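Two complexes follow with chain A in common, the first pairing it with chain B and the second with chain C.
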Partner chain A sequence: MVDLIEARVVVIGSGPAGIAAACAAAESGGRVLLVDGQSEPGGAIWRGAWTGRVPAADPAPVWFDRLRRAPVETAFDTTIVGRVGPHRLLAAREHRSIEIRYDRLILATGARELLLPFPGWTLPGVVGAGALQLLVKNGLPIAGARVAVVGSGPLLPAVAASLRARGASIAVLIEQASWRALARFAGHLMVGHFSKFRQALALKRAIRGTAYRAGCWPRAAVGEDRVRSIVFTDGVHLREEPCDWVACGFGLVPNLELAAMLGCGIRDGRLTVDDHQESTQEGVFGAGELCGVGGVDLALALGRIAGHASVGDRVRAERWMSLRDKHRRLATRLEHTFRLRSELERLCEPETIVCRCEDVPFGSLRGAASARDAKLATRCGMGPCQGRICGPATERLFGWTDRSGRPPLVPIRLDALADPPDS
Partner chain B sequence: MSRPGVGRSYDVVIAGAGMVGAACAEAAAREGLRVLVVEPDLCGGGATAAGMGHLVVMDDSPAQFELTRYSCARWKERRDEFPEQVEFRETGTIWIAADEDEAVAARKKGDLFRAHGVAAEWLDPPTLAECEPDLAPGFAGGLLVAGDAAIYPPRAAQSLLERAQDRGARVVRDAVVGMKDREVLLRAGGRVPAAACVVASGEAARHWLPELPLGVKKGHLLITDRTAHRVRHQLVELGYSRSAHGDELESVAFNAQPRGTRQILLGSSRQVGVTTRDVDWPILRRMVRRGIRFLPGLATIMATRVWTGLRQSTPDSLPLIGEDARRPGVILATGHEGLGVTTSLGTADLVVSIMLGRAPPIRAEPFRPSRFGSPP
Partner chain C sequence: MVDRVAARLQSAESQGPIDKEISVPEPTPKPRDEISLTINGRLVRVAESTTVAAAVIGAGFPSFRRSVRHERRGPVCGMGVCFECRLTIDGIVVPTTCQLACREGMVVTTDG
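Our next item is the complex of A and B:
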């Protein structure tokens, strides 16, 4: 028999939304299991803070403390592999298989960075902005290196600031949103969300002296066996800036694979939920970036609502709705401010690689009618990353959506699939 | 895709643009016939996309041996016609003998193959270990069939269909639902005058010709992440066709294929009569255990994707190729089980010979649908 764990409420993902959901469900009297593929809670945003490897930013300490005190069972290093049947998931921990049974399920699977292809983006030295931040946290020496930070969204100055704090010099920060959109957004923050405005000011101070180019976007990363410089444009002029690294990020895309596998409705790239965060599948709730990228505060509010509502405690759930609405308005502003310009869809040359795993160039995808058509003709999205990188890119470039996700949700060791071994 | 012209007639309508349908379309178009291909989905998107793409000579029966041997020879003759994306690789097959009994059977297989001009070489245990260093120790040896190969089947089907189109074949997105008075009936309501209709889709056959002795065998496949692990040939346990482990209804057998990308494709499972497409975790577990038993190094590498496919099968495991005795003009080309990709080119040659009344390139009798008798 496969190992079995059961709980009334199972929460998948232990970022801010998952932690809030687990605590809220426990507060409302549910037996809760919190599951995460990492070895500690926090999600991508608070990674390393639980064990103190990285200083914990507010409000992480408060939530970690709540989680420690709440009667919540946890299963870390445990990745969801797929669906076994109604109310049953298969998970893996190292070389073991585990079946997870639930009455209510809360998905808090977060989001990942959107990478868009442009000429030269596959050169060594061109990496995801969040990925570079993580590499540096894990010991990659960056002191003295020149980094170009490229893309869009509030993550970019945060990455630039943290790299700078480790001794990197930021060659240039290229933000595709226009100055006008950024100024409007700053005005909105100052009026309605003053603490956020202060955070933004602090970030601005932290990257003082950096060339910040708004209304610009990359045209090519240049180099032979490694990136040497970044070429960018404002639509009129081309400029070139030498650099040792290019850190890219064009915003975040929700991790919808598990939701899709469970048959939950998905619209406009986010999980469809009702006012109490329940998806179109009865008993399956969603919280956090999955329901639309909106940042930590919104994720916490959504987590609380989902947690309470999952065990039928609508009274407590509804207390958080006005806060949710406030943060959602900000999220909508954010989305509007950093909406990707259409020029970014026209950066590829015919030979620019779109699917890195299978070396599929842009030119060979143009004739395809759908993601599946492209897969069959070119293997696009069929490599080791299973379309996690090129899928969101082709969605933007060609309008394809592919929710046909096949298990395992993340790569899993064969001995875990074989567990328990032959007797 | 284009609409078939109103009032236009065809020499042959082909139902299904999988590997077999695409090969039939290309062969018919090459003969100058007017061809219409009817496919409700994407070319090569069904069982064609789900399989391993192993081009393999099999000898479970003399007829199977003749068809697979002829077809593999055709693949080799024609390999230069296919674009690079078809990924034709001469991986060869090693049939692995678990014990002395299997070693005897493998040597016999080798004798048969060589007698018919198929290169086959017995590998004793040290030679086997040299050829496949990561294989578990303790096997009785292996039979290397160096001419076997592997391809990426959906692209091969598309390539054949494109070539058929270059020769004037038309393709329409619809489904064939019947044939009456030399008119092929389409699901969307169209009626296409045609001399013949080739049924190259198990799915179409199941709905339109429910009396055919077609069953389904579900299979699972898995692909690993890139690995430093070495698999040099397609490795298959000798008991594969007998379904080494399990019973008549459900079994697994070891089958591994190296991909050019240093990934490994791992099979296989067989579940009779199961038509759901979900992954069946218990049988997958058995399949993976079997894989690890043959290649212990697989244990610690990552699986990136698991999927299933439905193979159309017949009671004697030979395809139905030939005229449907009860329906004038209907020619069947379905029920290939796991060998549709391998035998597509041979099947297409047989179908064309039937349509044109020519002598078939190999004996056609064993594949005639009438071999099962007429239903009452």
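Our next item is the complex of A and C:
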């Protein structure tokens, strides 16, 4: 017996965009179901705040409150694995499969960190920057540990500040963007987005005393059984800093697998949507980082537009468009400021692992013409993560794109598939 | 002006009043129940809602598994994407232990 749930509007993903979309669709009169693979709403950015085990940063409490009061049904611990027909998705919850039927679908599947391979990046202790923050929020003791925060983007100082508040010492913060680019960005914030400027200053204050190296990038993580130090450069000198953790992130990449499976148009690494957030597939909408990385405020605006528009309430949807445009301008600025330098594409040695699941080294990939070619010859991207980690890396290193979106989207237990819905 | 802002940022100092209004969230530990589980034969106690991946690293086992080439590997993405944190729990391989909360009496073994 397969569980069946249905709703007029189904929202996939309960981060800021998904919460805003669900609330907006409900406000416009839709019967809404909010689905997430996690056990609570909030997405990666508000992880742990719903249950109160992590303090909620603004504006999370406001949105959690709205979600609690909105007539929105929820299905947590529920991961989409495939589709069983038009307007019908297959999901898994532990050992069970669930069919989800919808009239309108809003995708708010968020983004993951971009991890670029460099020598030693596979050592235990080298983790995503957001990942270390999540692990700590989920109970990992970090007090007394030395953390090197490495990569690019506004997430790095935020991670450094939060780890420091929990007793970690930040060995070094390595940002690949130049001081000049950062200064220009700060000037822009000061003029056009003063509240953000104040946030940036507060963040700067929270990591006061930390060695902040702009215009630098990693060359190698060093260690035997786990990482012991990070070697980095400004292009001229090499420096080595001892550390217990290397938390690295080079930006975010949208989670496009489900959108690709549904046949939605994707361009420049983001979901193609119209002014009302509808994708190229009629009745399928997108919101949040999926439509281009832009942060919480943009995600909330896009979620509201998608939610209202999904049930045909264009009037309410259009109210949020000028706010959307404002946040999108900031997102474009961010993208420009933290554009990755080409040196990052030349960090790998021939023996540096690129595909972690199948242990495929950089050297064996250089002859391949495409992602498919590399798969056939080396199994690159064919392990359990299905290319989610190495795919964005090889896109950057070799210019390959691979958006097959083939089900099952995630590895699931056979007993969950053993009794699937009628197809 | 750009250079002035750069110097300002680099000096890592800012005005006083600002951090009174905007502050980075401080941890406010809530009293939580403890859970006991066994990790590589050792009895470990963790706070409720700690994930298995966090508990295993916290217990001193940063290496979770051996890769195809027998290299040590530990958690990477923390959000159920990379599958590097897979472990054997009560005899069954769990692919994403960073997404799984510890439960009383669990028996967890690493392969690293």
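The rule is short, and it goes like this: the second predicted complex is superposed on the first by the 417 of 423 C-alpha atoms of A that agree within 3 Å, B and C clash if a C-alpha of one lies under 4 Å from a C-alpha of the other, contacts with A are read in each partner's own complex, and residues count from 1 in each chain.
Operating definition for what follows: contacts are C-beta pairs under 8 Å (C-beta built on N, C-alpha and C of every residue); 3 or more make two chains touch, one makes a residue touch a chain.
Bear in mind that the values here come from a model prediction, so they are computed numbers and not experimental data.
By the touch criterion defined above, A:417 lies against chain B but remains apart from chain C after alignment on the C-alpha atoms of chain A. When the shared chain is aligned, chain B and chain C each come close enough to touch A:358.
Contacts of A:90 after superposition: chain B is touched, whereas chain C is not reached.
Once chain A of one complex is fitted onto chain A of the other, the partner contacts of A:408 are limited to chain B, with no touch recorded for chain C. In the superposition on chain A, no contact is made by A:193 with either chain B or chain C.
Touch criterion met: A:206 reaches chain C, while chain B stays clear of it. Of the two partner chains placed by superposition, chain B and chain C are both touched by A:383.
In the superposed model, A:122 lies in contact with chain C only, and not with chain B.
By the touch criterion defined above, A:328 reaches neither chain B nor chain C. Put simply, more of the residues of chain A are touched by C, taking chain B and chain C as the two choices. Residues 357-358, 383-384, 411 of chain A lie at the contact with chain B in one complex and at the contact with chain C in the other. Remark: chain C residues 1-3, 5-6, 8-10, 12-15, 18-19, 21-28, 30, 32, 46-47, 49-51, 53-55, 57-58, 62-64, 67-69, 71-84, 86, 95, 98-99, 101, 112 touch chain A in the complex.
Residues 42-45, 49, 85, 152, 154-155, 158, 222, 224-226, 261, 263, 266, 278-279, 281, 284-285, 288-289, 291-293, 298-307 of chain B are the ones touching chain A in the complex.
By the touch criterion stated above, chain A contacts chain C in their complex at residues 37-39, 44, 48, 51-57, 112-113, 115, 122-128, 130-136, 138-141, 161-162, 165-166, 179-180, 182-184, 186-187, 190, 198-199, 201-210, 212, 225-226, 353, 356-359, 383-385, 388-389, 411.
Listing the residues of chain A that touch chain B in their complex gives 82-84, 90, 95, 97, 357-358, 370, 372-373, 376-379, 382-384, 386, 406-408, 411-415, 417-419, 421-422.
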